[in-house]
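Quick one: the structure is below, and I'll ask about it shortly.
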Amino acid sequence: MTTAEISGPDWSTRETPRTPEEWIARAGEVAAILASDAVERDRAAATPYAEVRLLKDSGLVTLLGPAEHGGGGQNWPTAYRVVREVAKADGSIGQLLGYHYLWNWAARLVGTREQWEHVEAEAARNRWFFGGAVNPRDDDVVIRDEGDTLVFNGRKSFSTGSKVSDVTVLEGVLEGTDKHVFAIVPSGDPGLTFHDDWDNIGQRLTESGSVTISDVRVPWRDAAGYVDKEFQPRVYNTLNVPTIQLVFVNFYLGIARGALETAIAYTRSRTRPWLHGGHERAVDEPYIIDIYGDLSAALWSAEALADQVAEEGLWFHEHPDEVTERLRGEHEVRVAAAKVQATEVALEVAGRIFEATGARSTTSREGLDRFWRNVRTHTLHDPVAYKRREIGVYLLQDKLPEPTWYS
Amino acid sequence: MTTAEISGPDWSTRETPRTPEEWIARAGEVAAILASDAVERDRAAATPYAEVRLLKDSGLVTLLGPAEHGGGGQNWPTAYRVVREVAKADGSIGQLLGYHYLWNWAARLVGTREQWEHVEAEAARNRWFFGGAVNPRDDDVVIRDEGDTLVFNGRKSFSTGSKVSDVTVLEGVLEGTDKHVFAIVPSGDPGLTFHDDWDNIGQRLTESGSVTISDVRVPWRDAAGYVDKEFQPRVYNTLNVPTIQLVFVNFYLGIARGALETAIAYTRSRTRPWLHGGHERAVDEPYIIDIYGDLSAALWSAEALADQVAEEGLWFHEHPDEVTERLRGEHEVRVAAAKVQATEVALEVAGRIFEATGARSTTSREGLDRFWRNVRTHTLHDPVAYKRREIGVYLLQDKLPEPTWYS
Amino acid sequence: MTTFDEAVAPPAAGRAHVIRTDEEAVETAARLAAEFAPGAAERDARRLLPRPQLDRLSDSGLLAITVPREYGGADVRADTLAEVYRLLAEADPNIAQIPQSHVVYLRVLAQQGDARQREYFFGEALAGRRFGNAQSEAGTRHVQDYRTRLVPDGNGGGYRLTGEKHYCTGALFAHWVPVLAQLDVPGEGDRLHVAYVPRGAPGLKVVDDWSGMGQRTTASGTVRLQDVWVPAERVVPHHLTFTGPQIHGSYAQLLHTAIDVGIAGGALREAAEFVRTKSRPWFESGVSTAAEDPLLVQRFGELAIAERSARALLAEAGRAVEVARHTLTEEATAAASIAVATAKAVADRACVEISSALFEVSGTRSSLEGLNLHRHWRNARTHTLHDPVRWKVQHIGRYTLNGTPPPRHGVI
Amino acid sequence: MTTFDEAVAPPAAGRAHVIRTDEEAVETAARLAAEFAPGAAERDARRLLPRPQLDRLSDSGLLAITVPREYGGADVRADTLAEVYRLLAEADPNIAQIPQSHVVYLRVLAQQGDARQREYFFGEALAGRRFGNAQSEAGTRHVQDYRTRLVPDGNGGGYRLTGEKHYCTGALFAHWVPVLAQLDVPGEGDRLHVAYVPRGAPGLKVVDDWSGMGQRTTASGTVRLQDVWVPAERVVPHHLTFTGPQIHGSYAQLLHTAIDVGIAGGALREAAEFVRTKSRPWFESGVSTAAEDPLLVQRFGELAIAERSARALLAEAGRAVEVARHTLTEEATAAASIAVATAKAVADRACVEISSALFEVSGTRSSLEGLNLHRHWRNARTHTLHDPVRWKVQHIGRYTLNGTPPPRHGVI
């Protein structure tokens, strides 16, 4: 099928979810739709217009938006769970949704109150889907100051979701300075050229290709967090890493859960028992049972840590002005642990399910390798060894991780 | 030192904790006292009279007791956390306290409302410490029915805490039937003879030796859950396994945390860097940092699962009459996962800390092996492979674990 | 006897070289491996079947190194054979897997073939001709439940063979297709035989319908047999193999193990190359090249330990099989099976782990589809499922705990 | 020269047997291991020092198997030596560890001793006399920072030796105590030497203050040296060992690895014995003996795989050291160090895991203090920390990734 064919209920006739449980259930419905042809869509790797449409129509994109403007009024822990749920069916779309939440929230992260209130209201009212072209590690986009206007020029290697989005968070460096500026621009700006060069082994539908930025103009008043051309720093600004990393954690866990559930269904219906056991069904083989018991226990554990750390993080979002460097640092250490566990368990589950599904399950038609390819691809974002290091340094030297713009 | 010397604040002048946080802090104070000479007490393996005194004086024994009778009025999740906290310092005493909570709760588990209200009131008012001589897998204690009175005779291989307790939960089988009867008897009953034969490599202070029961008489009305000599079954009766196993989980996790914190303190103050790294301090060595990062992430994850499953279990204790076999079974599967994870991480932490503390830390004086001996000994209680099996069977065959009297 | 004449075409390059020693076998394998390695990624990506490479194998004489000396072969040691396949697999595990059954079905001839069969078929091998396989069947109860039958054709001189076989690695490239089939032996009932059928025999059809996510160019497809005539001279009583101590299973598994060890080694070497030449250092590492990052070095150390463990156990297993091959005692054959099972358990985990960790050490740039670095993992994951490690662990456990020898059959 | 006369007492049983071949060495070790194994638990529990067993070792000739052939020894292969120590350690790793330095300091003589020193000390070894060690020091920056000094005594014929050494495994049972010390070599500054001091020398005191939680009967205690007179003839310039490619480190580490592999094997065998003879089946297992429980069998399989991996790598490492010993090239010695480091990494994990899992498979009854089954874990955990695996992994990683040879010194 092509993505244009994604169908589902008539969402417009459905009531908007109100509780976290209802939102997670809604995400489950979306996941079920995505799951039905996930293998084919992964293979086609087409631009996910229909998928993004589904995220909008089902209301998931406005989950975090202010209720008074039609948003769901939910908090981050629920958003993480929703991302996890969607990623069960389709890792790429889980990532796109998670990144959308992050780009949308970027306004609140670095912007002034006036700015973010405006952005959140507009986003909720218009069901904007957000993309981004941000990589503060490099000075690859330069900004010219033309008085009232900023002019962006350059190139970003990755622009996840931007091509299929309504608005894009753009980042660059003010010419002759080391000041980074974030601003939201319409994704249809003629100065943005997407190169469709994302061709990786996994997360194939995330539209993470490069983008060229030519004379994209932004009024100074939209430069997030700047007042009179000066950035107004807050400790809250440095919550980017923990929040972004928790999004990663949750789509890794979703992919892992998807792998496990898909494999269980396969084993129940298709796996043949091995000749030695004298078992009529594969599901009676003690070692197949053991593999699933082992993987589930590990996955539940990583999920519990992700949930617990998400709850710990909620306080920061509810008390943005009380965030201290110490509290933030200790939270980042906990997030690092969740990242370590999620990475390990997701790779393990996605790699080991085959031991319980058997030789025939490796046929390309089944596409059971997509879980591994997806989690393998995104877990390269930043080396997990450095997350263990963050934890160890904190415990042994009582040193907090340095806030960085890179996640 | 001998156990008689345990000293601490004058608890009688202190206010009783009210919130879970306050109770956990209180447990932390108790743990700090126990930690100060844990190595020596482990070596001496003396009967823990002073330790039980400390648990009573500090109020921890009445944590779960009804507030109107002087108890703490807390719930199981807090009790688990308190057990974990105490076990950090001393695995044996963590186990004794956990078992005490279980024996005390046994009245509510199997007894009639009248019975358990009476027991809980008495226990809270008198700060009873509970022991037990229960092993429903064997028919090693036989009960004679003498009309109004039951007479217990036989032997139990294990009677954890009974010798240092005020009251003992006794279990036996009614002669000529397969009916098990539980009853609470004074631990000083002359019919109870403790054999002081617990001499194991770990959990050395748990007084888990065997006991002979000779003509211990109990009125029929104290036979828990019996009305007119007939047991009145409820699904709630079958919550023993999940609740007991969560106690295990929590003292395993406490022991692991104790091991990790003790090792970190050792590494910070005593470990020499290895010659190859060019590091002045062991805490700067990347591989030592990595070990602690790795172990902490794994431990936090197992703790989070234990906490999450404890919260899930709370519902059963709050809705004892709504417990269904399905809900109970699914909960036991989750508890099994917590057990798997706690067992694995506790053994791993207790065994691997030495890689970061170094050769000199193996001196007997340090006693760093006690964590491994403790967790190794109690994790033999039931094979963890069968917990993985429970999970796998549930996932693959949709079969719930059979409730048993053995945990 | 004219039946042996209707031979299949000789290999492209004519008569093959004959390898004489173990050393020459290993050197030849190393040389060919160096030749095959550079094209492996592209062959996988575009599914270019390695026919030219197989002809190179044929010509090199490597396909005849197990032919007994009295028939003109090198009769190499089992550990040498394992090393040959490991080297080939390190370059391209597809090319190593294709002739795995070739070796196995030559062994069936060595054990159960009569003098004329051996003379003829070993000559074919020395000429560079290839044997494939047609053994597995779909829809049966388990992997060793076979329904394909040999039925006497009435003239007393041959049989008719009908059935459908799957996962027939090597058949597409073979000159001879050995087919596992049941034959009703009077007084004994159904007994397993091997019928050696020329690739071009009427009624035999090889379908290239293999669609595995890995080992893509092995073309492990379907073989359909419709009333294929087989002269009695080409039928070998394979069931006799399992009546006493045997190394049929351990010998076959040794090759599978060698393939997995080779995949591990190939992935490890490609990872090292990538890190040294292409990876950027992580910004928090404080070093100027990725290859100096202490945490990355640590991970490499762990991966190397895994690969070296597998390699050491493979060599040990090869030696155990070699001992068992010559003594054929109950003890030695059981020990060989357990040694091979141990090596396979470790090798399987090593190749899956290393091929996945390749990306972890190499960093974001390694996941580009065009680099096709995930072929290592796809190959590892696909080939390691051929027969499951979980049961090998069980046989090892029983042997260690109770001294129980593993069962006698072709997969241990 | 009279200094060599003031010899220490000969071993209890008089002149020792001389072992002539590698095979005899392994057979002897197996025989003594069978003799030593039954008392191991009790010796550990009651801390009975294994002096009688060490005398048996002396008498058997096992302590002279590394003496070069021209001096009358068997000069066994390195892999043979590893197997000898593995067998002894399987029975009692204390007994195997005590003579580890004996072998090392005989090698120092073989490499840096002059003809007279070799003649004399190899004669001592052939007579069954034992060499201990006095190398580690406390309070220094790291394990290879030494402060003990040899100071010329003014007469030109000898030195005075003063210092304090810890973890002196073997010293208590030794006839000779080789002491690592710095000597100011004119024009070069401090250089590491070994002074061979008779156990009874005035000023030398061995204190049995070892209190490790494991390897309890190794008595790896303190050696105090107060102005001990050492004639020049007993001093060997050890620093020269590290000026070129060497196997000092890999040879020493090979023995430590053999000890860890032995602990793994000993624990595995005792676990199997316990399960077969004492464990009850778990009530949910549905089988009538514990040894049939499929999940327990599985665990045994995994443990056996770990032990076999370690054993295979030990043998491989032994062969690599043997090659390096004869070629002494940069490549061969680096390869030997890496092979030994790999074996040690795997062995250390295996022995810690198996000795802990012993309880898991054996069940509740195994934790009785009186059975002393935790000695395996205590021995494993204590001995594996001798030098840390984490840095071995790092050397292996650098070697694999960048081809960097490991540093030259005594612990790799």
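The chains carry the letters A, B, C and D, assigned in the order they are written, with residues numbered from 1 in each.
Methods note: a contact is a pair of C-beta atoms (placed from the backbone, for glycine too) under 8 Å apart; a residue touches a chain by one contact, two chains touch by 3 or more.
The UniProt protein names, listed by chain, are A, B = Acyl-CoA dehydrogenase; C, D = Sulfur acquisition oxidoreductase, SfnB family.
This one's a predicted model, so the numbers in the text were calculated from it and none came from an experiment.
Comparing chain pairs B-C and A-C by the number of C-beta pairs in contact, the larger count belongs to A-C.
With every chain reduced to the mean of its CA atoms, the largest distance from subunit B is reached by C.
Averaging Cα coordinates per chain places subunit B and subunit C 54 Å apart.
Centre to centre, using the average C-alpha position, subunit A and subunit B are separated by 41 Å. Look at where the CA atoms of subunit A average out and do the same for subunit C: the two points lie 42 Å apart.
Counting only residues that touch two or more partner chains, subunit D has 294-296, 298-299, 390, 393-395.
Within subunit A, residues 286-288, 290-291, 385, 389 each touch two or more of the remaining chains.
Residues of subunit B touching subunit A in their complex: 264, 267-268, 283-284, 286, 288-294, 296-298, 300-302, 304-305, 307-309, 334, 336-338, 340-341, 385, 387-393, 395-397. Put simply, subunit B touches subunit C in their complex at residues 286-287, 290. Contacts from subunit C toward subunit A in the complex involve residues 141-145, 167, 211-214, 282-285, 295-296, 298-299, 352, 356, 359-360, 363-364, 366-370, 373-374, 377-378, 381-382, 385-391, 393-395, 407, 409, 411. Taken together, the subunit B residues at the contact with subunit D in this complex read 137, 199-202, 272-277, 285, 287-288, 291, 347, 351, 354-355, 358-359, 361-365, 368-369, 372-373, 376-377, 379-386, 389, 406. Remark: subunit C residues 294-295, 298 touch subunit B in the complex.
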